[in-house]
Structures are given as C-alpha cells and as structure tokens.
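There are two complexes below, and they share chain A, which is joined by chain B in the first and by chain C in the second.
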Partner chain A sequence: MVKHNKNQITLMQYIFLIHGVQVGVGLLTLPRELAEIAGTDGWISIIIGYFLSTVAGLLIIQVMKKHPNGTILDLITHYFGKWVGKIAALVFGLYFAFLASIIFIRECLFIQFWILPQTDMFILMLLLSIPTYLIVRNNIKVIARYSQLVFFMTTWMIFFYFSPLKEAHWLHLLPVVKEGWIPIFTAVKVTIFSFIGFEIAFFLYPSLQKKQKASAGFIIANTLTLLILLTITIVIFAFFSPDEITQFKEPTISVLKIVEFKFLERVEIVFLSFYIFVISTTVLPLMYSTVFCLSQLFGAQNHSKFVGWYLLLNLVYIMFITQTFDRNDQLSKLVQPISLFLAYAFPICLLIYVSIHDRIKGRANL
Partner chain B sequence: MPFFRRYKKEKKNQLSIPKQQNMPSQNLISSEIVENIAEIQDIFSDTPDLVVKNFVIKQINRPATLVYLSGLTDKNAINNDVLKPLLFEVDKENADLEVKVALGQIKETNTWKNIEDAILQGNSVLFIDGRTVAYQFDTQGWPQRGIEDTSIESSLRGAHEGFTETGSSNIALIRRHIPSRELKIKEMTIGERGKIKISIMYLADVANPEVLQELVNRINKLKVDFIINTAALAEYIEDNPYSPFPQLFLTERPDFAASEIFQGRIAVVVDRSPNVLIGPVTFETFFKSMDDYSVRWMAASFLRFMRYFGFFAAIFLPATYIAVISFHFEIIPLKLLLSVGASREKVPFPPFIEAIIMEITLEMLREAGVRLPAKIGQTVGIVGGIVIGQAAVQAGIVSNIMVIVVALTAIASFIIPNYDMGSAIRMLRFPMMIAASLFGFVGLTVGLMTLIAHFVALESLGTPYGSPIAPLRFTDWKDLFIRFPMWSTVKRPESTRAIQRKKANPKLPEGEENW
Partner chain C sequence: MKRWVLALVSILLIFLLSSCGGRAPLEDLTLAFILGVDLDDENNLTFYELNPVFHKGSKKGLEAYEVRAKTIRDSRRIFDGLTTGEVVAGKIQVLLVGERVLEHAGWFSILDSVYRNPNFSMNTRVVAVKGPVSDVVFYNPGEKPELSLHLKAVIDKSYDRTRAVKGTLQELHREVYEKGMTPIISEVKKEKKLELSGMALLYNKGKYAASLDVPESTLLLVLKNEKRHEVTMTIPIFPIEKENNIFHKNELSFQASRVKTKIKTGYKKNAFHFDVKVNMTVNIMERIFPEDKVKKAELVKLIEKELQKQFTDLIKKIQKKKIDPIGFGLYARAYHYEQFKKVDNDWGKALAESDINVSVNVKVNAYGAVK
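Moving on, here comes the complex of A and B:
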C-alpha cells in the first residue's frame, strides 16, 4: 500500500479529475438526444440524472472508506481473494479500455467531421496518440495536474454560450412538464450516462490527500458537471425551436455558428479545436485506469509499456475497421449496460456485502 | 593475425604508460631535501613554468626549497611575504615558520598527492631539509577580469555587478548579500582531470535538505574528465535531458542568486565559470527579471503579462497564421481575408514554405549578429532588415503579412528575459509550424497538448516544474502574472520546498503616527 503514498493528489485535482472525465464528447450531442425523447423538458432529466449519480458516487466513496489505502482492486482482493481480484481487474480494465476507445474514436470522428474532413482517421488518431502517450505513461499525479490545468484553460469556452442568448426565446422552455413526466424519466437513461466517468473515484480514492473530504469533493465535481450540462442544454433549448434541435447532429457546436467577432468568424471551428482539450480530460484518466488495471492484472510495476500497446491496438483497430458515427453509437450502446452496472449497481451490492461481512466478522471477533 | 596481436599489445602498452604516470603518488615526503627536489622534478617533468627556488633559511640556517607555478601565483606575495622574511630576517628568539611568513593560511602536509594538488592550484610549497613536512602557502593569484556589468541579464536599476571567472570571488559576491551564518557552503571537487571546485550555497534553516541531498548526490555521481562551465554541469545533472526547457537556472547576477537563496533555493558556484546555477526552479522563474523588483509593482506586473503573451505569440503566432491561411480561412472576416489575399497574391509558395523561409532567415540573422563584433553586427541588421525584408516582399517571395508575423514573433521571443528559455521558445515554434501546416488548428491543439503534457510531467531536482500553474498553488500566484507588492508576499513559494515557509515579515507600519 506504500505505492500510493508518493502519488498523492490534492482535493482540487481530485475534483477536476472527476469533473473532467464526466464532461467530454457526450456534451456535444446531449441536447439533441434529450430533445428527441423529452422535448424541451430534457433539462429536468439532467437534474434527476445528477441526483442519481451523486448517490452512486457517494456510495462508491462509502465502499472505499472500508479499505482506504487501496484501490477497488485491492478492496476486492481483500474481501474475495486473489482470483476474484484478478477478475475484477480484468473486468474493470476491459470496461475502461472499451469506454476510452469509444470516446477516443468518437473524438477523432468529430474532428474529421467538423474540421478535417479529408484527413484519414488513422492519421488523426496517430496524432492524438502522441500527447496521450506522453501523459498516460506518467503516474496519477501528472494526470491530475493536467486535468486541473486544462479545466482552467478551458472554462472561458462556456462564455461563448452566452452570446446566442441574445436571440433566445425563453418561451420554448414553457410550459414545464408539458408532456407529463414519462418522457422526462425516459430521458434519464440518457442523462445518467452524461455523468458516467465518476467511477474512476474507485481508483482515485487511495491517492487523495484529504480522504475525509472525498464525498464533498465528489459532490462539487458532480455539481460542476451539472452546471455545465444545464447551462449548455438550456441555452440550446432556448435558442433553437423545439423541433429544430433534433435536425442538428451536434447542436452544441451548431449553436456557435451565429457567434461572430470583428476579427473572428466561424467560432465553432476554433471552439471544437480547443474542445479537444476537454475531451482529452475524459480519455486520459480512463486510459490511465485501463493501464492501471492491466498492470495490476499482470502484476507489473510499471504501467507505461501498456500504454503503448493499448494505443497501438487502437490504431490497428481503426486501420482495419472503418469507423462511422453509427458504429460508434452501437458500440457505446453495448457498453452502457456495463457502465450502469459498474457505476450504479456494483457499489450498492459491494457496500451491502462489505457491511454485512464486516458485521459478521465483528461479531465473530466478539 | 600476429601482426594484429602485436599491434594490440603495443596499443595496450601505450595506454598504460600515461596512466601510471598520472597516478598520484601516495608516498610521504622524505626528510632529505635533495630527494624531494628529485621527486618534484619527476612529477612535473616538462613543466617550464615550475619554479624551484633553493635557498637557505637564515633563522635556522638550513637549506630549503620553495616550489610554485609561476603563472598561478601572486609574485608580490611570494617575494615579500615568503621569501623576504625567510631569507633575510633573524629574530632573537627561536620563532617558527608560522610567525615568520606573513600569510593568512599556512598548511602542513606530508603526502605527495597533496603537494601536487597544492602546486597545481597555485599554492607555493616549502620544503625544509630535515623535516618530514612541507608547508603550503596560500599564494594564489592569476590573471583575472574585474567585476563588470552583466551582459545578457542586464538590468536598468538593479545592481551592475556580474559574476567573474573566479569561484571564490563569486562566493564573496553572494555572501555580501547574505551576511548570515546560516549561509552554508558545501564544497566538492569534480572532474578526474579538471578538478573543478564546486560550491553549493544554501540557507541551512530554509533550504530543503532532501533537495540539497538530491543535488549533492547527482553531482557526486559524475564521473567525467572535466566540465568546462556551469552550463555543462547543468546538462549533466538536469532531470530530463530530452526536454526543450531549461530545468536549472543559470544566472550571472549575484543579486538574483542571493534572492533565490533567500527564497530557499540552492545556488551552485562553479569555479572558472561566470555563471551560477540555481535549482530547483520552476517555469515561471524564467519569466522574471531582477528589474521586476526594482520598479513599482504595477509596471512589473504589466511587463510580466507582456512576457507571457510573448511566450505564446512566439510559439504559436506563425503556426496560427499558417493554420488559418492554409486550412481555416473561413474563420477570418471577409475584409481581413481580402487584404491577406491581396498581399499573398504574388507569392507562389504555400504559407508554410513562406514562413519557413522567413523564420530561417531571421534565425540566421540573429545568430550572425550574436557572434559578430558590434561594428559588423550593425551591417547584419541593415542587410537583414532592408535587403531581405523589403526586397523579398517586392520580389514576391514572401507576403507583407508574413514579414509582419515573423517580425512580431521575433520581438515576442526577445522579450523573454532568460536566454535559455528564449532559445527553447524559438526552437519550439518550428514543430508547431509543421503541425499547423499538416493539420491546421487540430495540429496546433495537439502541439499545445504535447507541450502541456511535457510541462506537467517535468521536474527540476524532484520538484514540479510547472508549479504554481500545474500543480495549482494559488498562494504562490502572488509572484506569477501579477507581481503583488512586496509587503504582501510573506511566504516563500511552495515550489522551493523550503522548510521555513514564512519569510521574516517586515511588518507594515502601524498607521496612526506614521502618516
């Protein structure tokens, strides 16, 4: 357990790591997906999703408190034995690997679609792999620093979204709950995935310096995510007419088309180029978790060579299989139930088991 | 084959002979002065600047020999303080040598190794017949430069003295700023042949012992023939040799070195080199100049902003121009686009080639100006500015806008107060230009991301290089972009890892009668 002592992250870094993982490619399409299901009431679903994810996140932290100096893998090994621990490492590793790959590929797809339509996906991914490799091969401390820096580098981008408000029609949002609660609850199944990513708290918890503030930090991170999702969704709902939104693939980018400065037009291209940073804070911690799990699985001290292999695998995959948004959507549909299980159901089960186990053991000791 | 073997053997022999000669003799000196002189002649064969002066000490009436290297010693000291009293003066009482020789430092030694080192460092050594000890006199004195104004870290209002090539006087220059007994100096010698004296200076109650130990270990690990100057030492001991950024600070200003020691950092004085090494440093240190602390804080903050702006402009301005012109011309408004188009109308090259031509020209001009004497340097400026700038535009090789971009970039890179950081920045813009010409804004973003990836992982002597930006430490921002008034910064920066964070706080005047 000594291995985590050197790589400690501050509370602020912990907040921005979790927040960074949550906000990424999903935000670009979220308003459309919400509007398709729940119309302009979709923002209520975001709030419901927020509460659900907060509860799940707090449960994760409660679980981790039972074994504060190790990651979830150490905890599982502690309670279930070595082999279950290995299986958990494999499951988590594969899950994070798929999640990271899907987002990574999606990032390339967006870049190709919006900015560089004639560039080969393979080249784009190769390009993005360079900084990715440079960061992920380091320890969690460096990734935390990166997420923190990028958060402060990119927060100004939210101000772009205030300028479409000049032409907003707030009537679009009214009446609230116009089609009943059923569509809103249906849309929660979309929003719940906007908050996905907080399960890296399983791996961050042991590195956190002030563990007593883990819950507060998690709530802050989640709230930050909520605020950003809400701001952008509401701006878009108010700006586009309710039927129009669904016609845009990425309304989050399209809405910026009307932003113009004296010296700069087509802000969305600059915006999206810079948005790569925001997406990278999703991909990098997920990749780190992947290679961390793998190195635990194989009992390797150093995870840096796994990063290279993982990126190479991605490149090979993208070279031989043509990527489209549809395929990517299908893949993410496949991963969604696993996310749901690992991030929401798994902590509950684990918490119940661990509590009962501890109580029985406590009684036995009496 | 036999031929080869013989050749090999010969080579081996050749190699082994000088090795033996270089082995410092551990033997003790003899009491017979004749033997000692023979030994000295043997050690220093083919050394015409060696002076072996035989004489008789009048006081005790015994033959003695004084040995020294003529170029490395102070002739006055030898003649007046050593030879004169020994040759001519007789006291009634049986006074010993220490009393007679009017010099501060007299050491007794008896091994040949010590004697050899002493002579080579400019001491003079006295052998007396019948004694098994020799006496070392501190008579060092060699041609040296006076203290002059600093050349690359010049300052308007700061002190106008710079380090010289003599380690001991550099130490003195720093010590004058820090008259404290907590200022400790660790001395070590490195270089198998060069034998360079290195003095590590720090405040014992402030500097972090771990960092100090790390530095000492790294210097101790060096197995080299010699290091020619401080920059070479820095290259040997820096954390990441593959980084474009300098990770240790080289300064020629005693006041800067002293102020960094006050902050809890460690200074390394290398003898024979007019620069002092400071570590651990952070990225922002390279954007500070001593003048920031000698002007009012608002003006200083303004300059700081300009420097950081210059940093980004120098790296990204040409790259952005290339990206916009070759990929995203739709993002600039029509009027601007038209004027850019008009100026690029005659140019047959893609923007990247155009930019590379101008940038390379400019870099060559700069380098030519640096190495040339000032009088010819002016000519270079004229050739560069008028002939290349204007003629290239008129000939239609480059566009007017490109010239403006390149000129702005050059100015922006010269605003960085540190030479090493300035060179790093000038170098970095080429990969950025390539990335921008291949991928437009995406290339720029990935370039910046790679830079940040490197930046957040880099360390200097084991402390994060990016502090206080990444890891974020808001308390240290008081001396980052805005230089807050001096009285408001009461803590040393966290990046120094000082064990005493709080500075002795010169309390604010307590109001009331202090109108």
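Moving on, here comes the complex of A and C:
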C-alpha cells in the first residue's frame, strides 16, 4: 500500500491541483461549443454546470470522510472486498489513462496546427513526454507543487483577454435568455465536462494535510475554474458576433489574433506556447492517477516504471495511427459517459450505499 | 555508463528540436506587405503583391507584381516563381480590393485562405480601391515612405481622427456574418495622388452599395458611437449666395470633445422605431463669419439644426440603399429579439421600412481665444 502520510499536500496545492486538472484543452473550444447550442446565453450554462459539479465534488468529499486515510480504492476494498477493489482500480486506471491520452494528443494537435505545422506529431509528443516522465514518476507532492507553480506562472495570461474588450459589443449578450431555457439546459451537457477533473479529489483526499478544509478548498478550486471559464467566454461572446462565432474552431485562440503590440505580433502563438503549461497541469495529474491505479492493481511499490510504459504506449499509438481532430473528438465523446458516471453518478451511489451500510452495521453493534 | 547514456540521449534530443532546421533569414524571404485583388477587363481574377527588397544591390526598395491566378493560395505559386525569396503572407499590412471585384456579390469567399490559414494576420486593413488596383500598387509616392507604410498610416491616422474605419480582416469577417449590420471598409482612390476618399458601404454579402465621402464618414462613425481621439467637423451655419462666397463666410468648424450617441428602440405597427440622440460637447475652432452675425444662443440652435439635417440625410441615404452600416440591427436584436428574428435574413429591407428619428444636443464649451 502506498503511504500517504509522508507525501502530504497543503491546502493551496490541493486547490491548484484540482483547478489545474479542470482547466485545459476544453477551454479553447468551449465558447464555440456553447454558442452552437445556446447562442450567447451559453454563459448561463457554465454557471449551472458549476453548481452541478460543486455538488458532485462535495459528495466525493463526504464519501471520502468515511475512510479518511485511504484513497477511493482503499475505501472500495474496505467496503466491498479485495476483488471489487481491484476492479475499481482497473476501471479508474483505464478511465484516467484514456482521458490523459486524449488530452495529451489533443495538446499535440493544437501545437502542431497553430505553432509548428511542419513538425511531426511523433517528435512533438516525444519532446513533451520527457519532462512529463520526469515529473509524473515522483509522488503527488511534486505534482502538486508543479500545479501551484504553473498556476502562478500563467495567471497573467488572462490579461491578454482584456485587450479585445476595446472592440467588444456588449449588445451581443442581450437579450438574456433569447430562445427560452431549453437550449441553455441542453448546453449544460457541454459545461459539466468543462469541470471534469475534480474526480481526482477521490485520490487527493488522503494526502491533504488539513482534511477539515477539503470541502472549502474544493469550492475555491471550482470557483476559480468558473471565473476563468466565465471571463473568457463572456469576452469572446462580446467580441465575436453571435452569427460568426461558430465559424471559429478555437475562438479562445482566434480572439487573440487581433491583439498586437508595437514589439510583438501574433500574440496567439505566445499565448498558446504558455498555454502548454496550463494543459500540462491537466495531463500530469491524470497520468499520475493512471499509474497510481495501476500500481495499486498490481500491488507494485514504485509507479515510475508504469509512467515509462504508459508514455511509450502513447508514442507507439500515435506512430501507427494518424491523429486528427475528428478522431480525437470522437474518442472524447466516447469517454464522456464514463466521466459522467465516475464523477457525477458514482459519488451519489457510493455515498448512499456507505451511509446505509454504516447505519446497519452501527445497529448490529448495538 | 548511466552518464554516457544520458549524454547520448541529450545530444539526440537536441537534434530533434524543430527550430534548428527550418531557419529563415530575412534576406531569403519575400515579405508581402500589400496584397491586391482585382478583376481585369475580361473578369479574370488578378492578384497584386508588393514586397520590400532587402538585397544590397537593388536600387528600388520595393517591387510589385501582377499575376493572374485562380485563388489567393494559387497566386502564391506564381509569386514564388517571380520573386527571389519564399513569399510569406504573415506580414500583409493592407489588402486592396478593386472596385470591379466589389461589384460582384460573394467576392468575400475568395478571402477564405486568409481566415483558414493561421499564418495570416487578422489586423490587415482591408481597403477598397476606386478604380483599378494596379494604379495603387504601381504608384510610387516618391518622397513619401514606402507605400504600404504610407497607406497604413493614412488609414490609422484617419481612424484616430474619426474619419475612417480600421476595417481589419477580423472586423470585415464579423460584419459580413453579422445579420444585424452590413460591412464598411475604407476607400482610397488614385487620381494624381493617392488619397483616402472615404468609405465604401457594402451589402451583407459584400457587394458594393454606396460610397461616403470623408465628412459623411465622420457622421456615420459618430452615429456608430465610435469616436476616437478627435472629431472635427466644418458645417455651414446659414445659407449664402454663391457668388459672394469665395471665402465661405458661412462656415463654422468645431471639435467635439465629448460625443455620445444613444439609440433607443421601439416596435409599433409592424415596424421598428429608432430614436437616435446625439449629445456633443464642442469647442469652436473656427468661425469665418463675424460675431454679430449670429447671436450666441441662436448659434447653438443653428449648429444643432444643421447637424440634424446632415445626420438625417445620411440615414435616408442608407435606408434608400437598404443597408445598415450603423448596426441598428444589433439594437433591434438586443431589445426586440422576436420581431428581429422574423426579419433578420433581410434586415436591410426592414430597416428601410423603419422609422428613425435623430435629435442632436450640442453644448458649446469654448469659443476660442479671440472674440
């Protein structure tokens, strides 16, 4: 069993880890996906998605309180037995593995399309894999520190988005609730995935130093994500016409194409280059969770070997199968129902079961 | 042993770094500064390109090319065959579109490459040319700085003085797709010299609708609430007989320090109503007529009356053409969404049928240093 006592993370690190996993490649396309469904009312869907994910996250923490010194895998083993625990490790491991791979490949696709169109995907991924390996083979504390560092290193990028505001047309946002509430609720199916990633709270809880602050920390992390998603979405909705916004595949990048300084043109490339760090704070914790689950599954003490194999598998995969945005989209569509189950439905079911179980057991002890 | 492996791997990785291979020295590039699109007499698409020459031996600093090609991307093939270096599109400052191109609806789709290809800058100014594009591209301003810089400076300066739109590719894209307004681009003409002649107003699909001269452009920008650093107008205050008016003794110039346009919307009897209120605080910069000609209190009324007439004329001209460069449609959508949705595919027509009132409110701040 992996020891959690030595590798404790502070509340700040916990906040930035969760927030980092949530904000990533999704933000680049989110405003368009929202506009396609709900027009300029899409920002309301973000707020609804925020409430849903906050509830789900708080449920996760309630579940984890029942078994504070272990991860979700230990908890499942405790309540359901060893084999169910192994199956859970497998399910979570595969889920995180797929999610991390999809995002990792998408990151490479974005870099290739916007920054390095001549470079082979394989080389891009190889180059990204090396620092990834160096960080992920360490324990959770190192990854948490990395997330915190990246957060402070990249927050200034939000200021890029105030520049297009000079040409914003706030009239685009009116009237609020144009076509009724149905499109807004439909668009929630996009926004609940923008907050996905908080399910790593299942694995972070035992490492957190001050467990009584877990819920507060989670809410702070989720609110931080909300603020970033909302700011960028509203800027983009005010900047682009509602009739044109769906023309841009990645409006979050396209909007920066008009920002120009005397000494610097093509700001979107600078932005995206830094944004690679932001994406890495999604990918690295997910990869860590993958190898954590796998090492639990095989009862291994050291997970660094799994990191190497996992990255190698990714490289082999993209070497033999040409990657496109379409294929990547299809794959992420496939993972979405699993996300929905593991992050939203699973905590509810688990909490109900655990509560009933404890009550019955409590009575039996009387 | 381990150290050797590490060193070997590091060396290998350095070779992999992509930036080491595809280096591009400036002398080996042909940076297109101006791209022009026009139609020749037989309606063949013609592309123009102007680029600076960095070689030491060359006397002229610039070279311009004219080619016939199918599309913008296709034209690059031919330009590559003509120029020394690789043609690079990322630095295009000005995109010139000929009058003959603008006469055809749907010309906008030839710009597809510009939007699809991330290398193009979205800040390229799109400028209409009254007459053939070749006149502008092959024009040598002589004493002036190089043409692309000159042209860009003219547009930007006029934009700062509220006389022209920047008309970037990004703005054009927005205005073409936006149903509630029609596109505007700045317009230049070359007679003896190259000059900014005002704006070209386009229909929604990009077809040419009308031109505005520079004073009208200022009025339009005021209505759009796009006052920049300075708004200056020169207007006649009272009518005067032609033959006695060599020195335009009825004119007054002012600079508006504050301009705010408020548009209120209404919907009655199947038509939209727009109430446009222009509030201005002005400083009088020039008054050709003597002080006692018009009383102070009356002067403000006369300025308001003249401005109101000019604004109303402009709006009538726009309504007649069934276009909406001001963007009344944005207001209609924001405040009367359901009614707007019914007409948004032909908003220009709906605007032509709607009722627009302009009222002007002027406050004079300063009358100048002399009486």
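Descriptive notes on the structure:
By definition in this document, the second predicted complex is superposed on the first by the 364 of 366 C-alpha atoms of A that agree within 3 Å, B and C clash if a C-alpha of one lies under 4 Å from a C-alpha of the other, contacts with A are read in each partner's own complex, and residues count from 1 in each chain.
In this text, a residue touches a chain if its C-beta (ideal position, glycine included) is under 8 Å from a C-beta of that chain, and two chains touch if they have at least 3 such contacts.
Note that the structure is predicted; figures quoted are calculated from it, not measured.
Within the superposed three-chain model, A:Q247 lies in touch with chain C and out of touch with chain B [touch as defined at top]. For chain A, the partner that touches more of its residues is B, with chain B and chain C as the two candidates. Of the two partner chains placed by the overlay, neither chain B nor chain C lies in contact with A:K189.
Looking at the shared chain after the overlay, A:L171 reaches chain C, while chain B stays out of its contact range. Within the superposed three-chain model, A:R359 lies out of touch with both chain B and chain C [touch as defined at top].
Once the two complexes are laid over each other on the shared chain, residue contacts for A:K210 go to neither chain B nor chain C. By the touch criterion defined above, A:K82 reaches neither chain B nor chain C. In the superposition on chain A, A:K257 makes contact with chain C only, while chain B stays out of contact range.
Look at A:T119: by the touch rule set out above, it reaches both chain B and chain C. In the superposition on chain A, no contact is made by A:K305 with either chain B or chain C. Once the two complexes are overlaid on chain A, the chain A residues touched by chain B in the first and by chain C in the second are 116, 119, 127, 130, 265-266. Across the complex, chain A meets chain C through its residues 113-114, 116, 118-119, 123, 126-127, 130, 167, 169, 171-172, 174-175, 178, 240-241, 243-244, 247, 254, 257-258, 260, 265-266, 268. Listed in rising order, the residues of chain B touching chain A in the complex are 327-328, 330-333, 336, 439-446, 449-450, 452-454, 456-457, 464, 466, 469-472. Contact residues on chain C toward chain A in their complex (touch as defined above): 13, 16-18, 22, 90, 115, 118, 121-123, 168, 170-171, 173-180, 330-331, 333-335, 337.
Note for the complex: chain A touches chain B at residues 10, 12-13, 111, 115-116, 119, 124, 127-128, 130-131, 134-135, 138, 141-142, 144-146, 148-150, 152, 262-267, 269-270, 273-274, 276-277, 280.
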